[in-house]
Amino acid sequence: MNQYAEAFEAFNRHAESGWLKSQRIAAFARFEHLGFPINGVEAWKYTNTKALAKRPFVLAEGYDLQAAQKLLNEAAVTLDSHQLVFVNGIFVPELSDLSSLPQALVVEPLSEALDKELELTCGMMGRLAGIDSDVFTALNFAFAGEGAVIRVGNNQVIDKPINLIHLSTASDQPQMSHPRILIAAGSSSQLQLVEQFVGDDEAVHFTNRVAEVVLERNAQLTHYLLETPGDQSWLIGRTQVEQQRDSRYGCHHMNLGGKLVRDDLVCDLNGKGASSHFSGLLFGRNKQHLDIHSLVHHNAPQTYSHENYKAILNDKAKGVFNGKVVVKKDSQQIQADQSNANLLLSDQAEIDTKPELEIYADDVKCSHGATTGQLDETALFYLKSRGLSDELARGLLTLAFANEVIDELKLAPLYKRVEESVAGHLPHQVDLEEL
Amino acid sequence: MIEIKDLHAKVEGREILKGLNLSIQPGEVHAIMGPNGAGKSTLSAVLTGREGYEVTSGSVTFEGQDLLEMDVEDRARAGLLLGFQYPVEIPGVKNVYLLKAALNAKREAQGLPEIEAPEFMKLIREKIKFMKMDNSFLHRAVNEGFSGGEKKRNEILQMLVLEPKLALLDEIDSGLDIDAMKTVAEGVNSLRSQERSILMITHYQRLLDYIVPDVIHVLADGKIIKTGDKSLALELEEKGYDWLLEGVA
Amino acid sequence: MASEEMEQLVRKEYKQGFVTDIESDTLPPGLDEDVIRHISARKNEPDWLLEWRLEAYRHWLTMKDPQAWAHLSYPEIDFQAVSYYSAPGAKNKDAPKSLDEVDPKLLETFDKLGIPLHERAALAGVAVDAVFDSVSVGTTFKDKLAEAGVIFCSISEAVQEHPELVKAYLGTVVPHTDNYYAALNSAVFTDGSFVFVPKGVTCPMELSTYFRINAANTGQFERTLIVCEEEAQVSYLEGCTAPMRDENQLHAAVVELVALDDAYIKYSTVQNWYPGDEEGKGGIYNFVTKRGDCRGDRSKISWTQVETGSAITWKYPSCILRGKDSVGEFYSVAVTNNFQQADTGTKMIHLGEGSRSTIISKGISAGRSNQSYRGLVKVLPSAKNARNFTQCDSLLLGDQCGAHTFPYQEIGNSSTQVEHEATTSKIGEDQLFYCMQRGISEEDSVNMIVNGFCKDVFKELPMEFAVEAEALLNVTLEGAVG
């Protein structure tokens, strides 16, 4: 804890006095009070943060532009987009591109927004994920200074996606970053957001990111989350979404591995007709630990949620899926379904899954299913009887298992990247070029 | 048998039936035809007392009683039985159980004792055979996993067992191939008697070749706009509804 | 002070403290080591059992009430306000003298359930000696069992008659360290059943049906132990469909089952304890630990339960599938109405290669009740080719109740096949309308649909239980609709 106290002291000292400064102090006190979830916390039953708690991290003070450029070129997905790039938590204007922003769209780094529009920005911050939230959110708030602010005006359909790229490069000392993403989508607006966490395998980094998303009436956000923080890095993320009437939120979450990756995805469906759609893939190998906790609150009648997560785990990787749907009293005519299918490719891989339902209304149709199994032997036989090698047949079937969720990536470069990554890291590799 | 007078009904605040008049005498078979959205399904829902349908004015007298005042199950016990367009599946509840419970409910309302088991089984076997159904059907759950044809045959089977005074058949022919429809029609025809009336609601003229009605009505925009004999059906088949609708609009 | 002296002093106080109470044979409320010594002494237990109880008690003191994690809410229980021993046969002055003094509402329920006349008095809590003598019936069956070599007696009797068997198995499935209420039970258990079926024997009858009146008085801390040796089989029926009146609000039973190679234990429960009144006042708190240990290869343990009673139910009949190709099953119907709360489910722990388990859980919530399914399927690396299938459905009647599912799966083996399906829905308006349109009353329609919903579980019950269970469901849901 000490190292955090020191870092916090240094970080907050420069801050102007006022609301933000006092909030940060309160947030840090909350973090110290709660501590890392080590024992007996149900939400962290299967995920151990001991090693993370022990590791001392510092805030980055600068970056190596060349290394960042290299990582960006080699490992991140770039597309025709409004692009913001961060390296180890610091905004990099040289790699960012905001040249074609339309009038009704604001995309800017949080630091800049705090400079220019302090009041407005502070009004967006902590509204959904405030200091009284969980320990990591409190920690994020304490160090909240960088990230992104995105605002879309009413009725605006934004064609080009927004691409937020968080890079982590190797450094002398383990570093941490606490990006906060604030999104406000006006009524009937439409937006696509790509968020990528790309880490150098040599880097030891702790990313603790929080996103707060407000969707006004009939707004639509498609959110692509691509996570490859690197073999030695921790990534903890919270996405907190508030949805008004008829709004639609889609999250396509590709967790392709890291030392420990934990995501909390929370949607509050507050207006009639609002819907959320989560689809995701946990793809783990070596000793990676991948954890997704989703929570949907049906707070209004006629709200809909759909969730489909797949996990493919190899070697000694461990996956955790916890999906929860809560239907509030008087929220009638609800439809919610959840499905979680897991494929264990090795005897030492493990999956812990818990699809939960908590229902306090009666006119509901809720279902969940969870399955864990192996590749279908009859399908395998079928492919081999057509002349495919055992290796290729297994690889193809594994890829096919993930396809249902990968197929939902509507941005071609993203789709390609994920497919290649999965195919290339299978124990039975599939060379897509050859097929 | 049934006398419907100036019936007005609303669904979700929208008026669907706008002054419908219809009178059926014992022993008669009537058919109601009409374009989509004319109010055909609303009529069957109102007659059987489904929730969500608000009668704003008019009256329905069934066998001298005020039908609209009666509960759903009392209407059934009094002899008004609906053959559903989309019979619902009820997992775990065996057909034989439903039939027995329904038959005994009706007998109780008539002041009769519960039917004896052997008598009941004899009755059921006979009706099942008539409907060309397999005995195993009795022990399957109500409509669960039934094909469209099986479901409709099941509806008619229930009619044969429960012997309604007025059988209301809502699109009983939809989704059936010709053979299944013939079986269903045979069942319906066997229901015809001096004491019993039948009201068919249908979209297709085809059914009327097999169950020949005494009277045909055309329902459009919530009202009966034309009444005639079976030749009306042929006319409709030929010309469609437009020639009738023009007069209304 | 020498330890000897100390001991004497303690003994003395203990004697004095309980003199008056020994006459009435009921301990005053309160729990400490002396109370446990007293219970053990009254039952003339061997030293090892007293030690076993004390160890459990000391461990219990270090534990916490599980309210923190269960989806239940109830006022904190004052364990010092509970009386932990009441000798069998101790008379309750307030007990009704005959059926004429019993609440007519209760009698009406008996009628609906078709409870045989001679059982009603006992169930309504009429003083025992006013009830017909069931001993003669009991003895006939006991002879038949003895002939087959089956031991079936109270656990107290077993401690005296078969101490080696009790010692060998007691606490081996549910150790006192297992959970709060198991620890409490181990410390203070009063009585329960003991069943031992030797190698190769199939128990010639379903146990407990004919004894259920006697079993009704086994008290609030029941302890049951059933052991089936190799190739032995038994079907055990617990409980009763009649609503039982009981002055003990807190119940914490432990049931342990042990199945050796090729053995099969079928354990069926119908539980209908007093759930409290329509406003949620009163009612039994039921904290039960039930666990079966499939110790032998190809052994099988099957739990079937129909739960309609109790104000609070906290219960997870489980199987430890240790043996190769062993089989665990859990079939459950839980119904809650008014203000009842239930947090119930099962655990299937797969250790053995080829072990299989099936979980079918049907929950029905009505009134203002809350019900949770909490289940765990755990597959350890040793359990190659393990299989589990779970189906967990909830039906909601009315918009004031809650239905929740918390199914945990911990899978550590790649050759495993685990499937979990769950649905929550309300009773279909269409289904109701369909039945009513056939002339069936609304209440009967609801009963029919609910019974249909539960079919998969009822078919696992022994015949006579199944019939009673259906009737019970209907009574429990009375007034839930409309």
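Remarks
When the chains are written out, they are named A, B and C in that same order, and each has its own residue count from 1.
Keep this in mind: a residue touches a chain if its C-beta (ideal position, glycine included) is under 8 Å from a C-beta of that chain, and two chains touch if they have at least 3 such contacts.
All values reported here derive from a predicted model rather than from experimental measurement.
Relative to chain C, the most remote chain by averaged C-alpha coordinates is B.
Chain pairs A-C and B-C differ in how many C-beta pairs are in contact, and the one with more is A-C. Chain centres here are Cα means. That of chain A falls 55 Å from that of chain B.
The geometric centre of chain A is 45 Å away from that of chain C, both derived from CA atoms. Chain B and chain C, compared by their mean Cα positions, are separated by 50 Å.
Under the contact definition stated at the top, not a single residue of chain B touches 2 or more other chains.
Those residues of chain C that touch chain A in the shared complex are 69, 71, 381, 394, 396-426. On the side of chain B, the complex with chain C involves touching residues 48, 50-51, 71-73, 75-77, 81-82, 84, 87-88, 90-93, 97-98, 101-102, 105-106, 109, 141-142, 158, 162. Residues 42, 46, 329-330, 332, 342, 344-374 of chain A touch chain C in their complex.
The residues of chain C lying in touch with chain B in their complex are 428-431, 433-442, 444-445, 448-449, 451-456.
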